Amino acid sequence: MNKVVANAQAAIQGIQDNMTLMLGGFGLCGIPENCIAALVEMGVTGLTCISNNAGVDDFGLGLLLQQKQIKKMISSYVGENDEFERQMLSGELEVDLIPQGSLAERCRAGGAGIPAFFTPAGFGTEVAEGKEVRMFNGKPHILEHALTADFAIVKAWKGDHYGNLIYKGTARNFNPLMAMAGKITIAEVEELVEPGELDPNYIHTPGVFIQRIFQGSTYEKRIEQRTVRPRS
Amino acid sequence: MLDRNGIAKRIAQELQDGWYVNLGIGIPTLIANYIPTGISVEFQSENGILGMGPFPFEGEEDADLINAGKQTITARSGACIFDSATSFAMIRGQHINLTVLGAMEVSEKGDIANWKIPGKMVKGMGGAMDLVASAENIIVAMTHTNRKGASKLLSKCTLPLTGVACVKKIVTNMAVLDVTEDGFKLIERAPGVSVEDIKAATAGNLIVEGEIPEMVI
Amino acid sequence: MLDRNGIAKRIAQELQDGWYVNLGIGIPTLIANYIPTGISVEFQSENGILGMGPFPFEGEEDADLINAGKQTITARSGACIFDSATSFAMIRGQHINLTVLGAMEVSEKGDIANWKIPGKMVKGMGGAMDLVASAENIIVAMTHTNRKGASKLLSKCTLPLTGVACVKKIVTNMAVLDVTEDGFKLIERAPGVSVEDIKAATAGNLIVEGEIPEMVI
Amino acid sequence: MNKVVANAQAAIQGIQDNMTLMLGGFGLCGIPENCIAALVEMGVTGLTCISNNAGVDDFGLGLLLQQKQIKKMISSYVGENDEFERQMLSGELEVDLIPQGSLAERCRAGGAGIPAFFTPAGFGTEVAEGKEVRMFNGKPHILEHALTADFAIVKAWKGDHYGNLIYKGTARNFNPLMAMAGKITIAEVEELVEPGELDPNYIHTPGVFIQRIFQGSTYEKRIEQRTVRPRS
């Protein structure tokens, strides 16, 4: 059960125009840098991208936006990207904004075979428009549906041939949830290890959710807000 | 009038020992600098960490350790890391004791708007809608008026809502107010700010009962 | 007629390289002993392990490492452990390629009953209802008739159902049958068992088309 | 934020007759042995117990059944307990049997503020009686509601003063889900460690879900089915 492919180019084989992709990461933290670069190179267009953020102008999903490869974004927060705002306000880009917790839970639900669930988030707001409302414990909730994708692309710290993954720090974020929700899920990792090297008790994403895995190269891991404190 | 740090200091007085607290971007983030001595609180950041520590020393930034504002942070002893679904399970499941966030408008019913200005600015709601829909205890930290001098405390929000009837308390540069069934109830004045000043800066229904003490910061 | 191990051996022939497989208690568990050479499959146990290995050597039992039948097991290299919600996320989300489980009754529509005999036996459904409701590929492993000699392949189940129209294939001590729109389609005979024997032991609609080959075990 | 209490007796303070408890464990694996013993000693009765299994005659929840402390069991499988079967068939004990995956997900939902969700499990069976049915992707699903408890009692391998927990092997099972769903959650651990000893990246249950924690004593960890293979 060896799911290893050579590189990002091999991993994204089969991604076609107008497909729906999920991409892990929060801001630029934990994003699949190698696959994004390969998608730019591949030139696939008309994509619907489900990702918490849209990167920045010149990194992350911003690179796909620059090349106009994205038709629609499904995100919770896109505030760090001028090109994004321009395309959205001009109507070039469709945008579906979703509360962050609902986005995470909808991805998990998609992977877990839960087609829909009730959440209080968004009741009484634009987000609830057209959605079923039901009271539970005296409080209004809205019905949210599962999200799935033709391909989910996640970034992990370490992974093995079975696709078992371990993330590092807050680079975990949406990655484990999106990993569950792809018809095909690609994992790029900083370090590909031999089966048995990862302690079964501490694996974050079981290999069953992963179809392809490769070791990425030259991670830039750009920091969006470099905040420090003085040494006192 | 308080500055941003003053608002943060005043809100910090609301913290109680043993609380888990989620701080939004902006003024709320500053609260972590003013935790009263003798109490222990833990900060949650919705991108997946509990036990957030201070910013790292220069040169020790870790790209894999950020908060929801995308700032580099550190993890305290006893911290833990989790995915986004678990993070919002904590929030939606009401395991977080206090949420503090900024706002563009708050209504006298406790409605809040802070994510969108139609046609102008659409950054998205991030985790704010989940936070305000679920938290039992929500404090808004904001300036009392906007840059044009218009009140942000309204009878009804004019901007797209983030949540309905959820804000319990507001701390501004001018006042501390509780959101009650009858409207904004004035609790404290900022140093040097009169009740008349606050009345003039509050568009929604303001309830002033008895002597209004000045904040002790 | 096949014995329990024979049924397991025949089902093992259905395994394909790279599959994740959930094996129920009883005969299904034996399948792990007969994986065809040259293919690699991983076994999931719904109590929270993927990559289940063989039973431990005596003296090496670990109370913290069991399968869904509460038997002591081992973990293979590349195994992983997870909680029950994640385990059923795999199952419900159709990430498991094959489910094999026992049954008390199967109907010609693919309904299955295996968890309750009203008034007599109520052990509970365990994970069976989740498995049969979700799995794309379900094989039932059972004896063709019960201890009293009555057929377990019926036109309609008499016992409380575990799942509806879900069973795709049945391997018994007498035959291999596919569940089709028109009923049980006979695919193979067990060694020494005639089509007439199978007809006599099958209460539901049995479809026999052409020559029925004997199993090659 | 020190949640440590002295022992099981101190941990179960406040548990009263007719309360609803969740208890982690699968079979006898990962059960809170110390708290169960303390509950027997305490003599509290009329309990509704949510637990995947009901222990065996003389261990686990079987001990509470023996003493007739349980009014109702909510479980998925109870097949290893004769006293249980006797009480159930005689009508002394109420029993609500739930598909295992629905039980796990309902506990998680209770802790996660999801009041209800749709699942295909149980459609067309007794389990679906009285429940809303809805089609998603051409397939019928039933609406299941969240479960919560007055007290959840879980067993972990290691834990710290903050209530952060790590489980060992398949003793994890329902424990992390029930930990989320208790109004008060008690964790008993084999080893109580100092804050900072557990790597933040590998904690299974974040401390926010735990209100009380203690180090248990003399874990029996009884094995239900001791299966071995010969050394060849």
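Labels A, B, C and D are assigned to the chains in the order they are written; within every chain, residues are numbered from 1.
The criterion applied here is as follows: a contact is a pair of C-beta atoms (placed from the backbone, for glycine too) under 8 Å apart; a residue touches a chain by one contact, two chains touch by 3 or more.
For clarity, every value in this text was computed on a predicted model and none was experimentally measured.
Chemist: Please identify which chain has its centre, taken as the mean of its CA atoms, farthest from the centre of subunit A.
Modeler: The chain farthest from subunit A, judged by C-alpha centres, is C.
Chemist: Contact counts by the stated rule: is the higher one at B-D or A-B?
Modeler: A-B
Chemist: Roughly how many whole angstrom separate the Cα centroids of subunit B and subunit D?
Modeler: Each chain's C-alpha centroid was found; their separation is 36 Å.
Chemist: Could you grab the centroid distance between subunit A and subunit D? Build each centroid from C-alpha atoms only and quote it in angstrom.
Modeler: 33
Chemist: Starting from the mean Cα coordinates of subunit C and subunit D, work out the distance between those two points in Å.
Modeler: Using C-alpha averages as centres, the distance is 28 Å.
Chemist: Touching two or more other chains, which residues of subunit D qualify?
Modeler: Each of 105, 108, 112-114, 119-120, 168-169, 201 in subunit D touches at least two other chains.
Chemist: Residues of subunit C that touch two or more other chains: which are they?
Modeler: 49, 75, 81-82, 85, 88, 91-92, 134
Chemist: According to the definition of touch, which chains form touching pairs?
Modeler: A-B, A-C, A-D, B-D, C-D
Chemist: Show me the residue ranges of subunit D that touch subunit B in the complex, using the header's touch definition.
Modeler: 1, 108, 110-114, 160-162, 164, 180, 195-196, 198, 200-201, 203, 206-209
Chemist: Where on subunit C is subunit A touching in the complex?
Modeler: Touching subunit A: residues 17-18, 20, 40-42, 44, 49-51, 75, 77-82, 85-86, 88-96, 134 of subunit C.
Chemist: Where on subunit A does subunit D make contact in their complex?
Modeler: 105, 109, 112-120, 134, 136-137, 141, 145, 166-169, 201-202
Chemist: Report the residues of subunit D in contact with subunit C in the complex, numbered from low to high.
Modeler: Touch residues, subunit D against subunit C: 26-30, 52, 75-80, 85, 88-89, 95, 97, 99-105, 107-108, 119-127, 157, 168-177, 204, 221-231.
Chemist: Going by the contact rule set out above, which residues of subunit B touch subunit A in the complex?
Modeler: Within the complex, subunit B contacts subunit A at residues 45-49, 54-73, 75, 81-85, 87-88, 91-92, 111, 116, 119, 122-130, 133-134, 160-165.
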